[in-house]
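After this come two complexes, each holding chain A, first together with chain B and then together with chain C.
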Partner chain A sequence: MFMQMAVTGLVLGSIYMLVASGLTLIYGIMHQVNMAHGVFFMLGAMATYYATEVIGLPYFVALFAVVLVFPIIGAAFERGIFRNIRHIWLAGYMATVGVWMLMEGLGWQVFGTEQKAVSFPITGLIRLPGGAVLPANKLWVGLIAIAIMAGVYYLVGRTALGRQLRAVEQNPRAAELMGINADRAMAKGFALGVTLAALAGGLVSTLYSVDPSCGSTPMLKAFIIIILGGLGNVTGSVIAAYILGFIDSFGGSLLGYQAGHFMGFGLVILILIFKPSGIMGDE
Partner chain B sequence: MNSRLAPYLTALAVMAALALVPPLIKFIAPDKWELTAHIGIKILLNVGFGLCLWMMLQAGELSLGQGGFITIGAYTTGILVAKYNLISVVWLGYLAGALAAAVIALMLGYLIVHLKRIFFLLVTWSFAEMLHPVLTSFEHPFGGAMGIIDIPAPEGLTLFSESWTGYYYLALIYGFAVLWIVWRIAGSKVGLITKSIGQNDTLVTFCGLYVRKYKVMIFVLGCFITGIGGGILASYLTAISPETFTFFTSLDIIMFNLIGGMGTMAGPIVGAVILSGLNEYLFAAGYWRMVVYGLIIIFFITLLPGGMVSLPAALRKRFTRKTKKQEVGLG
Partner chain C sequence: MRISLKSIGMTVKLLAIVALSAGLIMSPAMTGGVQAEVKKLKILSNNPFSGKAASWGFSQDRGVGLAVDKVNQAGGIKINGETYMWEKIQCDNRYIPADAVSCLKRGVAQGAKFMCTLGGAVTKPQIPLINKDKIVTIAAIAGGADFTNANNKYLFRTMPSADLTIAIEGIKIYKKLGVKKLVLLTADNVLGHSDAKTLKNALKVNKMSDILVAEEFVPIDTGDFTPVLTRVLAKNPDHIEGGAWPAAGLALLIKQARELGYKGTFTNLSGAPKVGPLVKIGGKKNVEGVIMLRLWPPDQLPTQAFKDYWAEYRKLYKQDPGANSWESYMAFMHLSAAVEKAQSLDPDKIVAVMRDLKIVSLLGELQLIGKDNPLLPGYGINNQYTSPLPVTVLKDGNPIIYK
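Presenting the complex of A and B:
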């Protein structure tokens, strides 16, 4: 039983990690709290559903299509709405709320209210040492999420694009003096974050059935995580994602959903009051 | 006319005109009165909530937890008056609700007012989110997921033949009382200090003023007034549950300020009138409501950041700019 909960916590944490690292990247680079993150999660899930179950593409091809399409969607939103108002923090925040409402409302109109599910190509049960029995798709989803995260670390840490993003995160004006187009770097950062959310949506659609409001809960969890990890701190949010995954897995099984919800937000308030830089912060 | 009295006389005139609305509508179209009263009550209470947030905004505090303080006010009133009958006078129940909101605001505010901008917003939002599991989990005293039912109307409201007429006048008094309080505070020394805190709190500290005291003061006062409104709403709705006031209640209160404009006190009033009125019509529209909401937010953020209040000035500016261009073209 313990092993079962531990593995479930790891899988949950891996998915939270994808959503939250996208959110924290966007905050770090653009200083914008993206309330529309859950909508992109939902759109990713819906895109995967329509690509696999309606058009009939193989699952992994559909995921690859998500990787190709969502950077463009993200960059378009950044260019169209967020870029002009970024310097006013409240306007930036409310604009993302507006996009969230607009897209979720349209989602209900376009996709309908019925629950949708995507079938994962690998089925069966996997027995792990310690007596845990896990559906194969759950384990694979967790592994894919970790692989994607490794890719993000490579992208941000080792490539020219990553260097640009980190430079803009540290100081946009200094980055511009070094010849980086800060506006474009921010668009790229936003596109990256949005793509991570969409990928998480595509992965989750194989585990749970999805509808146009399915992004709200992961977004809420992601907010808790990025505050725990320190806003803008990717490694912090990875660690916090697994902490929250375990809290949800153990707390959810032992105390119930409501208690987990309460503990998560209670943790947020305590962190914000006593250590606003998060668990990994240096101050 | 004495210019100091002018705003008061204007407000009194508007209030008198609004007080004459019920008999007038009952005379013209009696069957429309219930719906009109319902919309009027919502608008007037929301004006109060919007003004409270506006007052906090002057001190640089943008709270996304006002729905939480409405919940606290409503639940305290409901628990004391209806569930356990501890207080027999409903008016005292409202006061208790407001006091509960104020005490919690004092404890929370003392800890969080040093947080700025998005951090303040996130922490107040988290606070409001934390209420939901607490209210749902405990059957006593919060009534669990069912909430509290049979919350009575305040004494004296029975004088009116229909209860909604009474609530309309109650909401009218609430809205204008809040207007008066916020107006007086905005013009007072405390109001000027909070306004300068919102602009630059370091400078205010250098002037030898204790910033935290003023910020907590404004936060507690705003939540106290919001709590009274919560109590009134509880007895107007007669039943409340954890789902009654959600994240969207808090968001609406911010949107009043956004749509109306945050620069002047007229902003939240205009915003509350527009959005609450629109809300009632959109209620039946289902999911299109969210689409309209989103479009409204994006429109005001990108095209009219000063809100409806700035609309005349924005139009004038656009108009003059066009003529100038023409002049250049001709020259």
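Presenting the complex of A and C:
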């Protein structure tokens, strides 16, 4: 049972990490809470469903299509809605709440009411020592999530775009004085965050079901993670995702679902009391 | 001949004036004709149209919608010489109790005197308002005497209660399967807890309490059951009762239990999940042998009227109807007939007629039961619809009648 709990915790942590990564990035760069994050998760899951189950594209081709299309959607969203109001925190927040409500409601009309499923091309069970089992699709989703996060680290830490994003995050005005177009950098950052959300949707859709509300619960988890890890801190959110994954697994298995849930939220409250900036957040 | 833009504009204006004048001349006011005033009877569809229970909500809403259209197309209903047409107004309660109460208040403010809703979890907090405002309500709720009792005379249950599904049919199924270690893993809401209470009582009455080795409650929007399944599978159950899950929840529960190596059987006695999504999400092999109540196999529909309903639903919505749709369709037809028979909009007169009125509907004769019925302890009032209760089992991805 211990081994099973540990494996489940690792897999859940990897999934949570992926879901929270886009939200962390957007907050880190723009200091704005994106309440529509779950919508992009849902749209990514829906796009993957239609590409694979309706059009018949191979799964990984569909996922690649998500990577190509969603930066455009993210950039359009940033330019059309977010850019003009982002300096007013509450307006930006309410705009993203509006998009969330609108898109979820529209989703039920456009995508229909039946819950959908996306098949992962690799199936089967992996038997681990200690009697634990790991479904192959969960293993692969976890590994891909880790690879994506490694890619995000590289992009933010080692590329010209990453330097621009970090500069804008630290001081947009100073970044502009250094010749960086802050608006453009923020649009790119937002597009990247949206793409990560959509990619998470496309991957996680193979484990659970897909419907227009399927982004709401992951978004809630993502918020817990970014608060726990330190708002906008990518490393902090990775650590927080695994902590939450292990709490959900060990708490749910040993004490029951409610106790696990209580422990997760309890930890957030404790951290907010003793270290309001989160595990890795700056004081 | 030269045609200028100006002359075209003049012609358009002239045509518009002629059309407007013709409209005025033909209008009832100008001709002196008097059209009979058609009045509206509003029914509030207080259902989840988003969230994990949305499939239930759409199913019920569509069933009532088809019934509303049917009555209206037949000329509506006549009360004391006046014609009334039904109008359905919708409100999305997201399967959240507070939202359901808000929806009811909004519906009452919009003039709704009737309501359809579903789920014990969201119906329970509405009951004080239903009673206070005398809203004649048809509701798909499991539960038991907590809902159907002499104090709740405006609340009519469209589906069989847990006292029939779990306490009667459930126990029969467990005995037939020879269940030795039973786990209840259901939704953490009023319905789930009510199901658990009924199940434990029924097991006690049948001297089977020792077979229940675990009961767990998780939120209805749970996606990953692995932690809680790890916990309950440690008890080595041979049967899992799902209780009250919509299709996606039940499918994920079954799929993840199979992935963890569970080889036993499943029942889902309250939820009546739609078979299509259950098979697609859960996987045909995983859901093989799942036993459910209230679901009719499409090729074993018992009456022609039901076959026609099924075909109409499929034509309109491109999917098979769920149990909530035909149960609410039948209940609404009964309600509408009762309003016409009562020849009054007084809720007390309407509900009195409803309790005695029998109509022939999709599954044969439809009537209300509950009073003096030994199977329905504590009800004391005829507020529960009764119709044949099929028990189905999934074979090769399709439901067939379980013998």
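What we mean here is this: the second predicted complex is superposed on the first by the 279 of 283 C-alpha atoms of A that agree within 3 Å, B and C clash if a C-alpha of one lies under 4 Å from a C-alpha of the other, contacts with A are read in each partner's own complex, and residues count from 1 in each chain.
The rule is short, and it goes like this: a contact is a pair of C-beta atoms (placed from the backbone, for glycine too) under 8 Å apart; a residue touches a chain by one contact, two chains touch by 3 or more.
Every value quoted in this text rests on a predicted model; they were computed, and no experiment measured them.
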Could you tell me if A:266 is touching chain B, chain C, both of them or neither one (first, second, both, neither)?
-> first
(Q) Looking at A:104, would you say it contacts chain B, chain C, both, or neither? Reply first, second, both or neither. (A) both
Message: Output check: A:8 vs chain B and chain C. Expected answer is one of first, second, both, neither. What do you get?
response: second
Determine, under the contact definition given at the top, whether A:150 touches first (chain B), second (chain C), both, or neither.
neither
Original post:
Regarding the shared-chain residue A:258, is it in contact with chain B (first), chain C (second), both, or neither?
Top reply: both
Touch test for A:178: chain B only (first), chain C only (second), both, or neither?
neither
Note: overlapping chain A surface for chain B and chain C spans 104-105, 108, 256, 258
Within the complex, chain C is touched by chain A residues 1, 4-5, 8, 12, 104-105, 108, 113-117, 125, 133, 135, 207-209, 211-214, 216-217, 248-254, 256-258, 260
Seen from chain C, its contact residues with chain A in the complex are 49-52, 54-55, 58, 92, 188, 216-219, 221-224, 226-228, 230-231, 234, 246-248, 251-252, 259-261, 274, 276-277, 280-281, 319
Chain B contacts chain A in the complex at 62, 111-112, 115, 117-119, 121-123, 126-127, 129-130, 132-134, 136-137, 251, 254-255, 258, 286-298, 301-302, 305
Counting only contacts in the complex, chain A reaches chain B at residues 33, 81, 84-85, 88-91, 93-95, 97-106, 108-109, 220, 223, 227, 256, 258-259, 261-262, 265-266, 268-269, 272-273, 276
